[in-house]
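In what follows, structures are represented as structure tokens.
In the two assemblies presented below, chain A is common to both, partnered first by chain B and then by chain C.
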Partner chain A sequence: MPDMKLELQVNGRKVTRRADPGQRLLDFLRDELNLTGTKEGCGAGECGTCSVFVDGKLVKSCLMPAAKAQGADIQTVEGLARPGDLDVIQKAFHKTGASQCGYCIPGMVMAATSILREAPEASLDEIKERMGGNICRCTGYSKIIEAVALARDVVTGRASPAALDPETVGDSFIGHNVRRLDAPSKVTGRLKYAGDMVMPDMLHMAVLRSPHAHAEILSIDTSEAEAMDGVACVITADDVPGKDGFGVFVHDQPIMARGKVRHVGEAVAAVAAEDVATARRALKKIKVEYRELPGLYDPEDALQPGAPVIHDYAPDNVVKHIPIRKGDIEAGFAAADLILEDEFTTQQVEHAYLEPEAGLAYVDADDVVTVISPSQNITHHRHMLSEIIARPINKVRFIMSPVGGGFGGKEDMIYQGMLALAAMKTYRPVRLVFTREESIIASAKRHPSRVKYRMGLTKEGRITAIKFDMLSDGGAYGMSSEGVMRKAAILSCGPYEVENLQVDTTAVYTNNTPSGAFRTFGGMQAQFATESMIDIAAERLGLDPFEIRRRNMMRAGSLTHTQQKLDSASIGRVLAAAEAASRWEPGAPRMRGPERGDLGGPGTRAPCTLGARFEASKDGKERVA
Partner chain B sequence: MLTFDRYEMPATLPEALALWADAPAGARLVAGATDILPWAREGRAGDVDLPLGIDLSRVAELQGYERHGGRVRLGANVVWQDFLDTPELARWLPVMPYCAVWFADDQIRQQATLAGNLVNASPAADGTPPVLALNGELELCRWAGDHILCRTMRVEDFVTGPGATRLAPGELVNSVTLDCADGYGASFQKVGQRRSLVISVACVAALVKLDETGTRFADVRLALGGVGPVPERLRDIEDRLKGEPVDARLIADAAAATAARVASRSRIEYRRRVVPGFVRAALEEAADRARKEAAHA
Partner chain C sequence: MQRKMRGRGVAASWYGIARTATVDRAGAWAELDDGGTAKVVTGVTEIGEGILTVLAQIAAEELGIRPEDVTIGDNDTARSPEAAHAGATRQTYMIGNSVALACREAKSRLFAEIAAHWEVDAGTLVAFDGALKAHGTNLAMTMAEAVDIAKKRGVVPVGAGHFTAHGTGLNPVDGSGAPWQAYVFGTQVAEVEVDTLTGEVQVLGLWAAHDVGRVINPRGVEGQIEGGVVQGLGQALMEDYRTEQGHTTTHGFAKYILPTALDVPEITSVLVEDPDPLSPLGAKGIGEPALVPTAPAIMNAIHDAIGVRIKSLPATPEKVLAAIAEKEARDAAREAAE
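Coming up: the complex of A and B.
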């Protein structure tokens, strides 16, 4: 590894280090200087969690070799305010509730700082445009933009500094902006996520992943990797001392592939080494012999007779089937004036939380195997790991680190077991930080679904019967599929009272990336189908879409699809609010596009373009164009 | 993950060229580094260990810009943000700020160079169409044992295909020279999936100069990117418009002809539908700005 004397100013202090000049400035700041407020979200310049000032210019430190910062003046998020203090922008982020998971926030604060330095009078459009290089997945950006505008107004004297103070709350918190307790640690970059944590003598893990979707593992030879300088251990499924298998409902997933791989990206082996580069180099020395097996890539194929079997325990490839029956659909369809049939498909979706999966495991002095990770389900993980490593529950500990965005995607124990095994094998702390690509290839996704829909209605728009049949791609492992199917079934026919229904939701195994929990947990796929059907019905029956919904909506006393009697229902108020807010033009939805009076105007967004900064500025400085 | 066995930061052009002349196979020049680092990742090149990286960002001869008559010479280290932050460059090269604002994002523009964008030769490069429109030329230099040998080449001839150029072994781009287009109205249009950090599905650069009456096209420059293996200058359309009155109908007719230029490998139908609209919008906006420019002068 090359070595250069790097001399620079970091947050006002002189720093001299011998370091690899070709490493990224991001790694230099995080690993050499422990300035972990600068995050890594993608490593490819796409997300902006690593933004820092170099000689006053904001750059993405994941795209800058450290040598380029030779002699430069660097400012990171830690250098914006005095320790324990917040600057105006940080206070504004605190005030508006701009930080949620917090992982993007140091980068957002840096981008906001750059705007107020470069263009203190920036309009809202210009603020949005200049923050285009920073991605957030929690907030929808509104509160972040609100924070930048508030800070701008205070800096330019348009608002009093008192605008940054917390709102006075009287007897009730309801109706007030209450500041988050954890915001100061997030806006300053002080909060340590799992990937920011270090322990003395810590090892770094890298994971070998399957290039095949479905293949038998004939052999794994780790000897060459194990013999490498700097490698502490290599683990495979053979290192699991107890009963292997985890999952939110069915424990069908081994810590690492056992005997065969079931999807591209499945963990096959893992290396713990002195540094990440060594661990990654060692992966190339592991020899795995595979025998490819016929795979399943479409859920329809999984149900065909004679289809390849992915898990021996489920010869029909069904993860879970949830049926709901209510009333008599034959009678319901017989009473219908109009019967509609259609099919709706939705695609796989990645959560793309800004914090890639990360964890740190160690065996403590009392032999307690401890795993720190942003797990969304630590108690369940603890119980499962105790069986997998054959240790009593009091010798297994899970510590939940701050979750840098989860949205359901961090409910599955897809890497914590590997960390525990490596820590047990080496008795040293072991850390694993996924790359963005690894997070996308290995973590669960939203279920792709197909709904075959049949709906009967009277001329007046009353639903007489629904037949709802959803087939979902569960991917290679069960994960949350059972719960997702249950929720999809319960919510299937929407907030409408339907006397006769037949609902079936089924998730099947395929050799695609596993599907799991994701915000709405199956509800989104079902609602897309149901609401689309109702819109189609409104058009066919010449009814206003709000009106047809009102004619069918659940009310106090209604029986839900699972026959629970409701004490109250709010859909009527929701419809009224939506109708008013959208300035809906009443009537059957036969008009499209520019003929409609409710398109355009206040509350709608102009076509997407750029160039707000070219508008005349008030500061009198010469601006381009 | 990108690692280098050696990483050099030459301070002068002779030093850089001498290093490059003796570089081992697999060595790379590093300009802004905004493309090489994402390249060395899973799904693209994977983990890469390079024997040598020659970082050009401190080479004195590659810094800055100067104007010579009707041409401006940009050192290879001029970064994209310079077109937004340097009023002089924005005035001389009026299409560049409009292109720059669509290029990556505010932060990457602080590092990414125009020269690097041209050398990468992506069919969707945002930088190539405006450079073609401004009759861009590159100065290519190499070390000839005891002195520097340079040649110039039109960018139109330099880019030969996706990722392919006429850069010879041992050569590097020393400068990019462009027409000064003071008084032209300019436009850059781009379609992509979002505003920042997006690869162009199609992009177009237009420059328009009006005659003294402000009603006729005195000069038109038009170039298209993202719709074929190499960005293309649309001279036939330029010729069709030159001398004609600025007229919405004429612009629309001329723009309609550009659909036939789409020669991409994918999304051909979509591109054929959007390209004429973007060419029309670019010409109209450029003409409009040329009018304002004339009123200003």
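Coming up: the complex of A and C.
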């Protein structure tokens, strides 16, 4: 495509550039003008991190061709305040602690700016409605909304500008709302995440991923891709010089598929080229011959005799089984007045950190292979990579870049190895930035779970025995499955002293997207089941849900499920605190909603009718909105 | 049943702090630097929770300077002491305590010099917010002056610290063991409204009481609770990563539904402090525990509102409607039988 001459205003200055007419405005701003405060969270108009003003109107720059901006007046987050300064909205974000990882924040600041420009008196509901197109995965939105309301009040004169000042410190910095030190760089878009970093002579990487869930690789032919203009190297498993394999517990995952692929989206080969477009074109020239194998998609199937084997080292497909035993469950159930049995399931969950995986690697002057990435565990990555590339540990260096959200999903070394190999092969810096789709198919998810539960209780609500059996789909690789099963087992029966219990947690291999670390590491899956059971027990026994919990809770001196003696247990205090704060009206959980007197008071919001997820019911008669 | 039904539910939880069923460790270096500032170097990973600010507060408190005077070195395996990963709700506990210990050592070097300079006992020295005093005297100077004096006496006030958490492995047969040395507990109450026509559930209020040991930065803790609650709400009501024969059918945010500002309840955080006796700071953690009780509290609230139990997450409108229909059929059959 011939270049076109693009003339526009950006942050008050005239800009003239030759540009590819197919380029998105987002890329033009980031790649041509280095305005990297505008982020790419999804590339599909669904997250708002790329928001900019075009002729005063807030638009998602990932959806707008640069050519359409011909003659337009563009404002990005970098143009809101003078360099080094913060505007009112940015100061309000700083004050309330609205930025956490910061990746959504430039987009949030832009959306807030648009609100205060168009509707300076916006109500809280209107603020929420207008921010509805911007996703934040870290903050739960509360402090962002608080910041916008604070800025609104300062702008409209309802609050004094002093409301934006830091809180004065008393006699200690501990327990004090010190404002986040990294907030100014986040609210201005100044902070450079890995995908924003460039190095001289840098190559760009693209990754060929498996279209099959389970298949043998018969051959890979990279010759045509390698011969392409602008391609610096193509790497496959054959380029790994050392002992290939990584994982948080078992090292069962190769840097790139070795001999077979085990899930859709698994890396098979990677290209490093002068630009991303060339690298992506080169992927199409790599020829891979596959022979499809029968796959496993349900954890129950994985345990059947004769099931396909995903990893040779684990012929039973079990990643890890953790047993916990305490007391005598037969006796415990025999002593029960009430025995409840039930089953609970939880789904696979995507981390959805707003920053897709990204990284840079280079070999430095001392021959140290260096990787910069938003990894949650560079210590462990360094150990693993040193074995994989067969270099001494001090010749492998990991540098952490700002992490745009992790939640456990950036513990797995799923791309840093490829970057290192390409840098070693070319002796040039190499950068890789995942697309959102790539991030979703290649990264780990929260373990789905199926729990079979049996609980025995006395009439008074004391638990006499628990039998807890959890099966989890670990997906194609081990990643954190072992640890997740361990934590799920240890925490399984909740903050209660249970004398007789039998707990088993098992994760198995399948050909689904791998499951891995995700905030709570199995703890929420297990305790969802337990807390549901306790509520069912309270209903059956006619007990208040706080009361039944108090009757069973751990105390100082209690033995945990793993028979550890506790010196203290604050469960009684947090139960009392939640009960008091919520003004809880006691009673058994027997569909009391219609009669309760404690509903709709302080601490609740009005039901939302704006932009409700359901516009109309199926017959079209009733409208929620 | 009326169209809009409300209810409340509660769920409790517990959680262990730092790595599970193993020894955990972290190291840090500190230096009281010119101008009464400080350098702290440790392998910390800011993943958004605000750990850098927390460490700056801890260093400032320990050294007697201000948080903004603290520079925290970047995490780099070739330059910083090992402090391991950002996960397991371990950074405040593990790295916070190692930074405190490193700062104490640096400060004791400085105090030894100033005590000699003033000819007082080092135990009488107190520093806060950039000012240094000898208790029971009129002697005072700034921390900038103090560092200058120490250096003129030939001493660079540096310190190193490391912190250990003594978890033990689990017995392979009965699972017995002491996986953590510090535990936290939490309780959440959810108030919901269920639209029985559309099946949609809205969470209107959420009260979250969590023991965090000792609060370092209240807003930071609230931010963790709010973020955790909303992730828990997403998992409770809408998020669902799906595959068919291993191929995902939810490959973008149009298909994979996440909570937005419109889904968020009013969240009331109650911070409970049961200090950890085994560490210098007493702080424990909040990152992961914040979301453990959210989904069950919401499911229990749905039951309180409409009398159905959703045992399979997420409680999508379709599932809620199906459960209502099932309950109505059950109730009708019971009535017919009576």
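Observations on the structure shown:
What we mean here is this: the second predicted complex is superposed on the first by the 586 of 625 C-alpha atoms of A that agree within 3 Å, B and C clash if a C-alpha of one lies under 4 Å from a C-alpha of the other, contacts with A are read in each partner's own complex, and residues count from 1 in each chain.
Simple rule for what comes next: a residue touches a chain if its C-beta (ideal position, glycine included) is under 8 Å from a C-beta of that chain, and two chains touch if they have at least 3 such contacts.
It should be emphasised that the depicted structure is a prediction, and the values quoted were computed from it without experimental measurement.
Once the two structures are overlaid, the count of chain A residues touched is higher for C than for its counterpart among chain B and chain C.
Looking at the shared chain after the overlay, A:T96 reaches chain C, while chain B stays out of its contact range. Of the two partner chains placed by the overlay, neither chain B nor chain C lies in contact with A:N317. Shared-chain residue A:Q347: touches chain C; no touch with chain B. Applying the stated contact rule after C-alpha superposition, one finds that A:G523 touches chain C and leaves chain B untouched. Touch criterion met: A:M4 reaches chain B, while chain C stays clear of it. After overlaying the two complexes on the shared chain, residue contacts for A:R24 are found with chain B alone; chain C is out of touch. Contact with chain B, but none with chain C, is seen for A:M64 once the two complexes are overlaid on the shared chain. In the superposed pair of complexes, A:S443 makes contact with neither chain B nor chain C.
In the superposition on chain A, contact is made by A:A44 with both chain B and chain C.
Touching of chain A by both chain B and chain C, each in its own complex, is seen for residues 44, 46, 129, 132-133, 437, 441, 608, 610-611, 613-614, 622, 624. Residues of chain A touching chain B in their complex: 1-2, 4, 20-24, 43-46, 48, 51, 54, 57-60, 62-65, 67-68, 70, 111, 114, 129-130, 132-133, 276-277, 280-281, 435, 437-438, 441, 608-611, 613-614, 622-625. Of all residues in chain B, only 1-7, 9, 30, 32-34, 37-38, 41-43, 47, 53, 55, 57-58, 81, 83-87, 90, 94, 97-98, 101-102, 104-108, 110-111, 194-197 touch chain A in the complex they form.
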